[in-house]
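Here is the structure we will look at, set down as structure tokens.
Read from first to last, the chains carry the letters A, B, C and D; within each, the first residue is number 1.
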Amino acid sequence: MGGKRTVETTFPVRYAETDQMQVVHHSNYVVWMEEGRSEFMRASGADYAQVERGGHYFTATGIQVRYVASARYGERVTVRTWVEELRSRQLTFGYEIVNASTGAVLVTATSEHLCIDRQGRVARIPDQWRKLLSTDH
Amino acid sequence: MGGKRTVETTFPVRYAETDQMQVVHHSNYVVWMEEGRSEFMRASGADYAQVERGGHYFTATGIQVRYVASARYGERVTVRTWVEELRSRQLTFGYEIVNASTGAVLVTATSEHLCIDRQGRVARIPDQWRKLLSTDH
Amino acid sequence: MGGKRTVETTFPVRYAETDQMQVVHHSNYVVWMEEGRSEFMRASGADYAQVERGGHYFTATGIQVRYVASARYGERVTVRTWVEELRSRQLTFGYEIVNASTGAVLVTATSEHLCIDRQGRVARIPDQWRKLLSTDH
Amino acid sequence: MGGKRTVETTFPVRYAETDQMQVVHHSNYVVWMEEGRSEFMRASGADYAQVERGGHYFTATGIQVRYVASARYGERVTVRTWVEELRSRQLTFGYEIVNASTGAVLVTATSEHLCIDRQGRVARIPDQWRKLLSTDH
């Protein structure tokens, strides 16, 4: 995470997110990463709902998730999100998901996204969003 | 179900669909009902993907689900779907979800749907789909 | 809702909860109802995680959902939850899900639950939880 | 995939799996990978439901997913699954998810799993499952 601007969001584990191993099913962390991304953008003034209304999409091209420990129903989790790398047409987000009360790391992850337009063509990330997502401030 | 045309689809329970009670989480039956509906329409020649491409949507306005017994990972389930009632702008589907090997009933349910157009306005169900969905054949 | 004690919880719509109709998929309201129930119990001092650790489960036996309007990504929703009826072995929850900023009603719903023990047998709701869930205070 | 034994499973995209980009939400491929894994094990005589009943779990420790193209409602997808590497306490699965009618590749992925027992301790993969999962036959 280094000196990168990091945004946090905290919420309770939902019962529906558990599986028969008595812990959160591993696919749900991918949804939580997206929720971290949404919060990062809202906090940066680059609300993703507005990005889409403007005709651009940050489609996921890759995810890498490292599962370190399990979240359980009855706990709250904190998702920490930052921009790992910002290029003209792509961006990479970094994540750390922790138990909100103990701080224990549950997951570390990254995801890559490509900017596309309504026709699905690769596009430059519009300047207004680039500035807001920039890691240099 | 009476004399109504009924369509079946069978598939294995997914691990992700279980919860910490060691059974399928109750929200997943709502997804399975939709899958039963999709299969009913495909089998009737009224593929819902085509309905939407034609500019109509059958938006859900209500569901009623009765949970009788639990499905578990390692089992296969069969969803039986039929049209309970077909009106000019609305339709009601009926469902029975059973354990595919024992036949034990797991869930009985109904769902109501309203036909709307791309602008979200209530619309008549187009004649081509009405005929295919009709219970009288 | 009348004079019943009602608990609210508010959260943002997750992108993963939308479907290709551009609104929240109807199955997710069932998960939100459960989240409302979890919050109701936490607020009442009857944390459901503790109920389960004590060896009891409130298994869902039925749900009825009325869809009035749609939630969209970019919005926040509020789930209002109350105990509609409390009996020795069963309880019914009532719900109203609204758009958190406009107050517009999106969904009204009820769900029935049966108290069972670890062996899956019907059981009386333990007194300590009955008192906390009681509608008379 | 080379000479490795590969198991396929094919199923229709569920409407609930789409998002407002009109394609399957990227988190669902993680669930499909698990379904591929379940099918691989059933086809190998190593049904995962039996592995768990025997007291062992293959907990996910990492996933890497590369998104190449999108699946849509109305399509069927095929998940191809193989064992990429089998060690005494760990195994890695490889996946290719394709459009079932065109064969176009949608996703390539791997996932790592650690064998643990009921107490959550790292354990050797029992010999009976090792033989069935072995890539050398």
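As a convention for this text, a residue touches a chain if its C-beta (ideal position, glycine included) is under 8 Å from a C-beta of that chain, and two chains touch if they have at least 3 such contacts.
Predicted model, so just to flag it, every value in this text is computed and none were measured.
Counting C-beta pairs in contact across C-D and across A-C gives the higher total for A-C. Taking each chain's centre as the mean of its C-alpha atoms, the one that lies farthest from the centre of chain B is A. With centres taken as mean Cα positions, chain D sits 24 Å from chain A. Distance between chain centres (mean CA atoms), chain C to chain D: 33 Å. Look at where the CA atoms of chain A average out and do the same for chain C: the two points lie 27 Å apart.
Along chain D, residues 15-16, 20, 27, 31, 34, 73 each make contact with two or more other chains. Chain contact summary for the complex, chain B toward chain D: residues 11-12, 14-16, 31, 34-35, 38-39, 47-50, 72-74. On the chain B side of its complex with chain C, the touching residues are 20-21, 26-28, 30-31, 34, 52, 57, 59-67. Looking at the complex, you find that chain B touches chain A at residues 15-16, 18-20, 22-23, 25, 27, 73.
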